[in-house]
Each structure stands twice: as C-alpha cells, then as structure tokens.
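I have placed the structure first, in the form of structure tokens, so that the comments after it can refer back to it.
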Amino acid sequence: MQKIQVGVLGATGAVGQRFVQLLQGHPWFEITALFASERSAGKRYVDACRWNLRGDMPTALHTQVIHECAPGPECQIVFSALPSETAGEIEKAFAAAGYVVCSNARNHRYDPDVPLLIPEVNPEHLALIDIQKRARGWNGYITTNPNCSTTHLVSALHPLHLRFGVTKIFVVTMQAISGAGYPGVSSMDILDNVIPYISGEEEKMELKEPQKLLGTFDGSGVRYADFVVSAHCNRVPTRNGHLEAISVEFAEKPTQEQIVQAWRDYQPLAQQLRLPSAPQPAILYDARPDRPQPRLDRMAGSVAGMATVVGRLRPDPLLHYKFMALGHNTIRGAAGGSLLNAELLVALGYLGQEAALLAKSTKFA
Amino acid sequence: MQKIQVGVLGATGAVGQRFVQLLQGHPWFEITALFASERSAGKRYVDACRWNLRGDMPTALHTQVIHECAPGPECQIVFSALPSETAGEIEKAFAAAGYVVCSNARNHRYDPDVPLLIPEVNPEHLALIDIQKRARGWNGYITTNPNCSTTHLVSALHPLHLRFGVTKIFVVTMQAISGAGYPGVSSMDILDNVIPYISGEEEKMELKEPQKLLGTFDGSGVRYADFVVSAHCNRVPTRNGHLEAISVEFAEKPTQEQIVQAWRDYQPLAQQLRLPSAPQPAILYDARPDRPQPRLDRMAGSVAGMATVVGRLRPDPLLHYKFMALGHNTIRGAAGGSLLNAELLVALGYLGQEAALLAKSTKFA
Amino acid sequence: MQKIQVGVLGATGAVGQRFVQLLQGHPWFEITALFASERSAGKRYVDACRWNLRGDMPTALHTQVIHECAPGPECQIVFSALPSETAGEIEKAFAAAGYVVCSNARNHRYDPDVPLLIPEVNPEHLALIDIQKRARGWNGYITTNPNCSTTHLVSALHPLHLRFGVTKIFVVTMQAISGAGYPGVSSMDILDNVIPYISGEEEKMELKEPQKLLGTFDGSGVRYADFVVSAHCNRVPTRNGHLEAISVEFAEKPTQEQIVQAWRDYQPLAQQLRLPSAPQPAILYDARPDRPQPRLDRMAGSVAGMATVVGRLRPDPLLHYKFMALGHNTIRGAAGGSLLNAELLVALGYLGQEAALLAKSTKFA
Amino acid sequence: MQKIQVGVLGATGAVGQRFVQLLQGHPWFEITALFASERSAGKRYVDACRWNLRGDMPTALHTQVIHECAPGPECQIVFSALPSETAGEIEKAFAAAGYVVCSNARNHRYDPDVPLLIPEVNPEHLALIDIQKRARGWNGYITTNPNCSTTHLVSALHPLHLRFGVTKIFVVTMQAISGAGYPGVSSMDILDNVIPYISGEEEKMELKEPQKLLGTFDGSGVRYADFVVSAHCNRVPTRNGHLEAISVEFAEKPTQEQIVQAWRDYQPLAQQLRLPSAPQPAILYDARPDRPQPRLDRMAGSVAGMATVVGRLRPDPLLHYKFMALGHNTIRGAAGGSLLNAELLVALGYLGQEAALLAKSTKFA
C-alpha cells in the first residue's frame, strides 16, 4: 500500500525543517510537497533552505521543487509551520480546498470549532471537526497543537486532573532559545543572561490553552476548564527543552504517592493505539533530586523528544504540591505535536477507514 | 584619624576575594589581616591566592602574609567568608576574643541571639547584640547577612510589607553560577542546561530567612513574620545576578501604582545615613517590559552591585501581583551585604561613639 | 573654552552606541548631533534607539532629535558607525562639506589617499590628509581605523616590527560575538559552537590592513610593508574581546627577553601626548601561563578596553616565536579606535592650532 | 559463540562511562568486569557512578559489583580510562598478568615498544607487540591511542602524508570542555571565555604523538617522522568536538583538487576490514564555506563520533594549504579510539585466530 502523501507549509524555516526531519522514514507518511514563501518557490529545496539541524537534509528531498503556499499539489495532509503573520488565511484556503491541515501556528487555536489537540489529553475534541466542516462548508479541516510551553504543562497535569481535579496552577518557565525560531534570539541578548519576557506567552498559558485543552466537549463545543493559572515566562540560554517550575492545587488533595502513581498508571488512547510517534510511556517520572534537566532529559523516552519528564515532586507551602516538568519544545512542543495529531487522525478514521485499517496493520510501504 | 582595621577570614576564596576587592579604597576600613586555611597560612597573599575577579589583586596586599584562622592579629572587625564546614567554631572564637564578626556564612544566621541583618530592612534587630554578648559572655559579637537569594527577595518586598503586609509569596529563582563559589559548578553540568536544584536553598527561603528578617524585635528576641513562602530554586548559565520570579499576596491589596510608589518612596535608615556602600536608591524600578536582566542590570545603581532591581510588575491571577527582582549575588548577596552591615554597626555606634562621629564627618584617613 | 562639537553617524546601532558611551564626559568633545537612517530621523534618541550596553543611555541625549545622514548640522567631527552598505557615499558627502570624518567603516580604508590609522602605530600617515584634500577638492577629510582583529594584531607586533622587522605572521583568531553587531550572530548558531568562518575577515588581515598600517609614507603615498600573513578567523561564544594565537618570524631573530623588553619599552607618540583615550601603557605583557583571557583581560589597562594584552610568549618550532594577543573589539577595535584617531588629529593640529593648544592644556570646559 | 569478555578500568569516570556506553550492544565484546578506585570497589555500579551522559546507564550493569584495579577478574581485554596518576603501574600489572590492555592514558604512549595506534593510520606498528612481550616477559601487552587533539590532526593528514609528504604543520586547537573530564573545567573559568592554555597539550602535539603515529616501523622500532609541528592549544566553551585550524606544507605541493581527492579516495585497512566502529568513510570532506562546526558535525558519519570532518580547504600564504578539521574528543578522541584499536587487534588475530575468524563472520552472539 502507498503511504499517505503529505506536504509541509513553511518547509524552509526552523519548524518546517523539524517536520521534514521527523517525517523521514515515517511508516505512514511520505512528503510529496514542500511549500514556502514566494522567495523560495520554484527553487530546489537544497538551494532554498539553509539546513540548520544536526544531521543532513534528507537527500531524497534535495531536488524537490518548492511550491508557493497555495492549494493544488497532490497530498492529503499539510503540516503547517507557517509564521502567524501568514498562517491564518493560507491554512483556511487549504482546508477549504479539501486538505487536512495539521497546524503548529497559533492563528486558529482558539477558534471555537477548531480542535486544539494533544492526542493523550483530549482526543474527544476531534468531534469539533464535523462541526467545523459543516459551519465553514469545507471539505478539509484544521487541527492545531498548543504552544510549546503549554504542551508540557498540560501533559504533566492531565493524569492528575483526571484523578484529583486541578484548581490552581502556578508556573514559571525557563524556555530554550530554539523556541524563538531562527535566527530568533540574538546571541548578544542571551549569552550570560536570562530574558524575563516572551511576547504573548503568558497570555496563552494563563487564559487560553490549558483551559481549552482540559475542557470538556459538550456536544456542540468545548466548555473551558475553570482552574486558574499564573505564568511567568523566561528565556534562558539552553538550546532545546523547556523547563517549568510548577505548583498545583487540586479539588481533592492526593498524597505524594498517589501523584506518582497517577503518572505511572497513565496510559491514554494515543499510547494504547501505539501511534508511531507516541512515546511509551507518555510521562517519565524521575525520582532523582536534581532532575529533569534540559540537556540530559529533553530527548528521553522511547520516541526521542516526544515524552514529558517530571521530577522533584514535593509538598508546596502555598498550594498542594510542586514539581518540575520538562519537554522538548521543537519536537513534542511543535512539529512532533502536529505529527502525532495527524497520526491520531489517521488511526481514528478521519482520513478514511481504509487508512485507519492499514495504519493498524502497518501495511503501508 | 586612622581607618578602622579589619580582617578577612577565608581571604583566598571566591567570596573572600570579593571582600578584598570591595574594601579597596574604602573610606572607613583598611585591611590589616588576611586569614585562610592552614595550607595558605604563612604564605604571601599573592602566592596563596588564585585571583579570580576581573581587575587585578590590589598590589598593596601582594606581600601580606596570611594568618591561620585564629584570634590574635590586630583588627577590630573580621569579615567572614568561611565555608560552613568551618565557620561555626572559628567565628565564635573570634567573637569570644572581642572581635566584631560580620559573617556571610550560614552557621549562626538562625541563632536566636544573632542578628540576621539587611541594613535597609531590620536595623532594629541589632538590639540582639547586647543580648548575645550577655548570654555568651563575649566581648565581641557576631552579625550575619542572609543568603544571596533571600537578600534580594526580602529587599524587594520590604517596602511593600511595611505598607500592605505581605501574606503569601511564590518565588522561583534563576541563580548565577558564581553563587556556588569556585570551582563550584562544573561547566559539564551547566553549559546548555539548567539545574533545578540547589542543596538547602529552598529551605532557607521558605522557612528561615525571610521570616526572621521581616520579623519584629519584641525586647527579648525576634518574633518571626508569619507569611508563607513557596520557593523553587534553579541554577542557570549566567555568571552573576540572581533573577527571581515573584508572586505576592498582601493583607491589604494595593493598586499597581501604590506598589510602584512604595518602591519609589523607599528611603530607609541605611540610605538616610548615607553609608558608603548603601546604593541611592536601594531599589530601582524599571518599567521596561523585558527588565530586569542579569547581564544588563546586575551592576545597576549608584553603588555597583548593591541595589535590587525590580520590574515587570503586573496582576497575578492567583495572588495579587507578580514581578521580577534581580540583584548581584556575590556583591549585595554576599560580601557587599556583610560590608554594609559593618558600616551600619559603625554608624550606629556599635564600634564606639568616636568611630560613629568620625564616620559621620568622614574624617578617616 | 567650548568643547569641540561632534556628531555620530549611525548612532542607534551597536557601534554607534559605543561612540555615544565613550564620548560621555569626554574632556575635549561633546555630542551635538546624532545621525541615523531615515526610519529613525526625526525621532528622539530615546525613542529610536534600543540601548544595548550595560549602564543606561546618557540622559542628556534622551531628547536629542535624530538627523538624517546628511551634512548640515553643526559639528566639526563626525564619527561614522555606518554599515558598509551606506558608509561610502555618506562619508564622502560629509568630508566634501568640510567635516572631519573619523570612520570605523571599511569602505575607504584602502583608498590610497585615506589614512588607515592606529595612533600608536602610524601617525606619520596623517600626511595623506593634505594629499586627500587636494586630490578630491574637499574642505574636510576622512580617516579610518582598521578592522577589530587587525587592530590588536598590529598593535602587538608594532614594537617588534620596529626593532626586529616582522617577515612572516601566522594568526588564528577567536572572535567575540559583538564583532558582528546587533542582532548579529544568532544564538542558535553559536551556543555550544564555534563558527570557523567570518566573511571577508581573512582577506582584510592577510592582504590589506597590516601591510598598509605598517607601511611607510614615502612623500606621496604609503608603501605597503612586505611581510606575509596567514589568517584563520573564527567566531567563538564570548561576548567581547578578540583573542589571537600568533606565530611570527623576524628579519633579525631576537631573544625572548628582547621581545618582552620591546613591549615594555613601547612608548609611542599617542602615549607621549597623553591623549585622553590612550592607555598607559599601550601594551600589557602578562607573564602568567594561561593569560590573556577574554573575560578577565578585555577591560585591562588604564583606559578600559583600549589596551592590547599579550602573553604566553614562547619559541615556535616553525617561525621564531608564538604568543597570544587580546583586545576589546568594540572599544579599541571599533569606536574607541576612531575616537583615539580624532584625539590624535586634535593634538597634532589637524583641527586647528587653537584646538591643539587647548587640548594640551586641557582647558576645554 | 560467546562474545569476547572485556573489562573497563576507571569505569566510573567520564571516559569510563563512554567506554561503557560504546560497548553497549557491541557485536564482539561484552563487559564482564568494571574496575574503579578503592572508594568505589565493592559497590554496585549504579551506586558508585554518577552517570553523566545523555541516555541512561545500561540497566544490565546497574548491579555489577565494581572491582579494585587489580588483575584477577575474568576478561581478555581491559580498556583503560585511568587518570595518568595511576594508569602507569596498573596497566603494566594487567599486561604482565596476561590481559590485553587498550589504554587511553598517556603513560605508555611514548614507550618505544608500545604501539601508539590509530587503526587507519599505522596498523603496521602492531609489530611492536611481540617486541614488547618479549622485552618485558609479559603474556599480555599494552596498546595506546593518542591524545584527542592529535587523533584528528593526524587522521586528517594521513592520506595527504601518504601522497605528498607532510613537512610542516601549524595547528591551533579550539578544544571542548569534555576533554578535561568531570568536573573538569569550572563554569566560572569558561562561561563567556577562552582559556589559551591546556597543560601538556602542546608538547604532545609538537614533539611526540604525530611523529610517532606517522613514523615507520623498521623491524625493531618506530622511526619518528621528521616533519615540524607548531601547536597553540585553547579551551573554548563547547561541550564536545575539538576544532583545529591547520596549515600544512608538503614535500611535493599538490593542487587543491588533489588534496580533496586524497581525502575522498582514503580507504585504509580499518575501513576495508569493516571493523564495527570504523566509520565509512573515515574522513568526511565538507565543501560548505563555514564547516565543520562542533555542534553540527561532531556526530557526523556512519558511526557517530568516529569520523574526522575536514573543510575550508584553501591556499595558505605561508605554507601550502590551510583547512579546518573537527572530531569528537571523547568518542574517537578517547574511548572510541581505544575500542577501534581493540577491534583491529581482534581482526588481525592478536586475540587468537579463532576470534579473528569469528569476527570476520560476525558469528559472535
């Protein structure tokens, strides 16, 4: 069986390159279209893209000619690594034209009919897709993944929320430079320094994303969860891996052991489905006193860069408990998050029953 | 008039060098004795000390011969930069022998009869000195300064506590490598990394130091303040300057403007006395959205490295307000803190009335 | 007496800010005009400039309104921090209009009638000024300072060249990120990395600048020195301070002691004239085995950032000797170099005899 | 067939951990003995060793009990990661007792009867083993690998030396912090800094190692090659990967194309034998103008960390050509170098003909 054909929107940028890297050798997907800005369109990928990741650009893509960001080229899914300046309209055009858009951009995350999705956390929100298609009259549709900092915060809290009900969250992030893209943060600003400000980041974490992700689908839309979040966001001189100091209060206060157990027992749908990019387990609990650390743990787990690592769990004098969470920001927190979303769509039949069955038997070739 | 003779205990280490550096050209004090471990005793300072600060070792001290850490050499004040393994007993021996000990070590900070002092914050705690001398039968006495992270947290909160009464504090620190001394943090551990753990640090900030510093002297001892503190302490790859993300709740919730005003109006005793190492003002409020930053602001203010810089004040969804505080950890947070304590002692007559008068007229030579 | 009025071309950029910083409180000069691109012209300096240096923007300049980069505003000297894309024509326009242009840009460095100047090294090349004015029919004129890497290489070698005649130079640079301006080097490129390439840098060091600087004025022009230079240029993750590993061969091989003596005896015209920005001495020789180091030594000497520090002198198995040289790249290697050039012009009468006399007596106010 | 049993001397240190990591899943070798200092002996590996590499300590070794560094435990080969303070005598004791010692320590590198070996470069030097065994009356023997900086210098030059005869070498190294072990370089020394000195390093590169490695075995010993080397060694703030700026002169000057061709054609014995840790090819030539770079290229090639990457080839004004070379210092430059040596010994029959045949057929299990 043929693999599912996919495209990458914004393929020459930092997140676009991650998509290309993660899609290499993927068991279900193959890249058949690369899209980028007018400046790059018409050029070969190897000429238009300054490859910035460790390891080389996949040779098979060197000579692929880049398309403008407009519907047309043959593929079923497009992964969007577009900047928010352009993502909004382009993604709508693709969805209208029948493509499945798995977007890492923030533009449609808060649209009431667009799923903001972490496969482990809220697969039931995919019910929004039908609502979206109907409301907009589209053949295709858009799904989105959350911001890199939100992803790991919510991933770490989800099993606790299920059992004990999160009511208050205090979070201070120490975010890696790759979160700002390329060239992104000037070395003049970050060498021997911390920048205690990331534009728009605290708003996303306090008001929008965690509440939607952990909200409940009520048949017509997502009712936002009603816990309160306080977030301070900082940029630190690490390359990859967002580290977060988290304090949390619950509706029912568990014991420390119960929290660890909730993390250990966590085996959500995405893991049960054995999606190719789903780490087993989703959450790694490290009991050592000085972990997780970005350099040592950002690639931990069975699928490099896709797990959330938690540690330093201890009582909090103000709320109930505090702990550290860490995750890779450009893999699970961006391109890898979108990719896992696409895998969930396939497995749950949103790309057709045939694809779902093939995915199950991994008969793609 | 002769300057007051002072000594430095642990003069070859990282904090000891800062004492030596800060005492260069001091209007009131001159170094007449350098003390270090047995290994260094008997050697010239230039031979025993691997000078590690920018700028050179003061030439006048090159040939001073280092003493063992025992009473004897002539001086009135000894500044203690000793490690906690040895500071406890040595400092007691000096105080018993009649020296004024201004210590940066943690050993005696929590002794009920030893002042834990920030001159701007709790000069009235100096009343403990008489109690200490009587209780222990000493001619001399010990004063201490708090831990580097506590210093700037409490400095930033003190004017707010005076007006609005602090009840709850959340703090997440991002601490510089110099806080661990020399050689301290291995480059293998911190390059491209954050370490979410500093041994003993959270305990000091949560349970011991802020409550004593902002406590009230009731005639016989210090009644600890009863606010609650939650602290997460992290080591980040910056050289100097501890940055702290702080959320705070008050007995009476002020407006944002009232908080800024409280910082701007702040003019405590140490500043009124115009102590040589007291920055004017003590607290710098920076309204720019991305400040304070360690590299840009750790040396800010009228006395380099002695001020606390605050910024990013904004409402907090859980407590009342949140903001960032920054201060130099080895200057105000260590050696400079002890030095300012000694200046306060002189100005308030704890080294005799003659010294106090001379200090006022700056007639030392 | 009034100070000499000066302007800064490109005042909002990284080098422009250094000019502004170094001119603060200058005994001879005061800034009366700030020039920048169209985008900034008409705005107040505080609004147009994102101040990027430690310490604050001088308050006196906050409200100065920025001019477009065209002759007109009143001042005698303009310091040019313009990028090479625009410096060429703008500097010529100012010189034609009668201004003295002290430029840090590379555009006119290799013009046969424009002095490429290090005051300690080749003050006799100022004879080109008359030739330039005559040839071009200008009232004003242009002088330039060399590239940051060349500056310290040539400064370290000049006293040796005078005594022993340099014939071959091998140099490998490890250059700081600030050399690329702001935002300059992306943190994504340089964290945990070295970039073994700086566009155009090796050509300047191998073929153009050292040979002109150490060339001889023969009455009508500069005869280039004829030694051979091999340069490898690298970018390393340091903020400031270019470090250079240098091997050298001489016409007459000196002893190691004679080299040290040549550095120690070095007392060129700029130092004899006691120019305000001339460090005393110009070259610092450090005998410690592991010096100079960028962090510890880039601000060494009597005028911070203006000296060249040399060390690790030892025999070289291929050429005669090898050693390390270090200097600040944005102070002496850029803005400070231009400033010292201007001071030399004043002292030698190139801004009129009255100014020269006043400079001597420091009667400016 | 059973795999060959191997031990690791100094298994808890930085290089020891690399040995353990690289031996995981090795097709020919399995670890049956871990040796460390008295302090660790008797403890389980998981308790005695602070694992410091990305990825976890192999679980199978957690409960292995550590031996003192003395002969006895069953294994044929011991890999030595001992510090030079203790390596000398311990390695001799093991060799005398019949073990094959593959050492990364410097102690015996320059012994006339001990091979200093890079499998690609000088396999014929293994003839020293018989001479060594006879001279010392040992059943076992010692082989060594060169210093991390020498390894990549000589690897890059070997194919050129074969064709054109190297006569003069200039090399300036920019070495990673991991080269100094753990804790090794203090973060206080290297953050925002370069240290232009590594004790003993220049002597090894100038006088001892390249000449022995590229020397010829004359039947009784190694006649040192007679080219001249000038080396400046520097420590820079990169984690892994030594970068070297190299200029070289040849007996017969080749064209630039001939040099590239020599690198491309290079297919020495170790690669022909398809040793498991031999990268294919051994040398990677990168034509991009700004490569190799430590972060991007240190793990390049078919066996991560084992190749040498060269680039920036261009004419040198003083010698013939200059270029950059890069290689991983703790993999190929240390533990991986020793491991490849052991593989060569097996393949060439130095552990018996049976092992050699099995290795060829990879019938180990």
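Order of writing sets the chain letters: A, B, C and D. Residues in each chain are counted from 1.
Please note the rule applied: a residue touches a chain if its C-beta (ideal position, glycine included) is under 8 Å from a C-beta of that chain, and two chains touch if they have at least 3 such contacts.
In this text the structure is predicted, and so the values were computed from the model without any measurement.
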### Message
Taking each chain's centre as the mean of its C-alpha atoms, which one ends up farthest from the centre of chain C?
### Response
A
### Message
Of the pairs B-D and C-D, which shows more C-beta pairs in contact?
### Response
C-D
### Task
Can you check how far apart chain A and chain D are, centre to centre, with Cα atoms defining each centre and the answer in Å?
41
#### Entry: Geometric centre distance via CA averages, chain D-chain C, whole Å
44
## Note on the structure
Rounded to the nearest Å, the gap separating the Cα centres of chain B and chain D is 49
## Note on the structure
chain C residues touching 2+ other chains are 191-192, 237, 239, 295-296
### Query
Should the pattern of chain-chain touching be classed as line, ring, star, complete or other?
complete
### Summary
Residue set of chain C touching chain A in the complex reads 14, 52, 177-178, 182-192, 237, 239
### Summary
Listed in rising order, the residues of chain C that touch chain B in the complex are 54-55, 191-192, 295-296, 299
## Note on the structure
So, in the complex, the side of chain A touching chain B is made of residues 168, 170, 172, 174, 191-197, 206, 228-230, 232, 234, 236-239, 243, 245, 247, 289-296, 311-312, 316-319, 322, 324
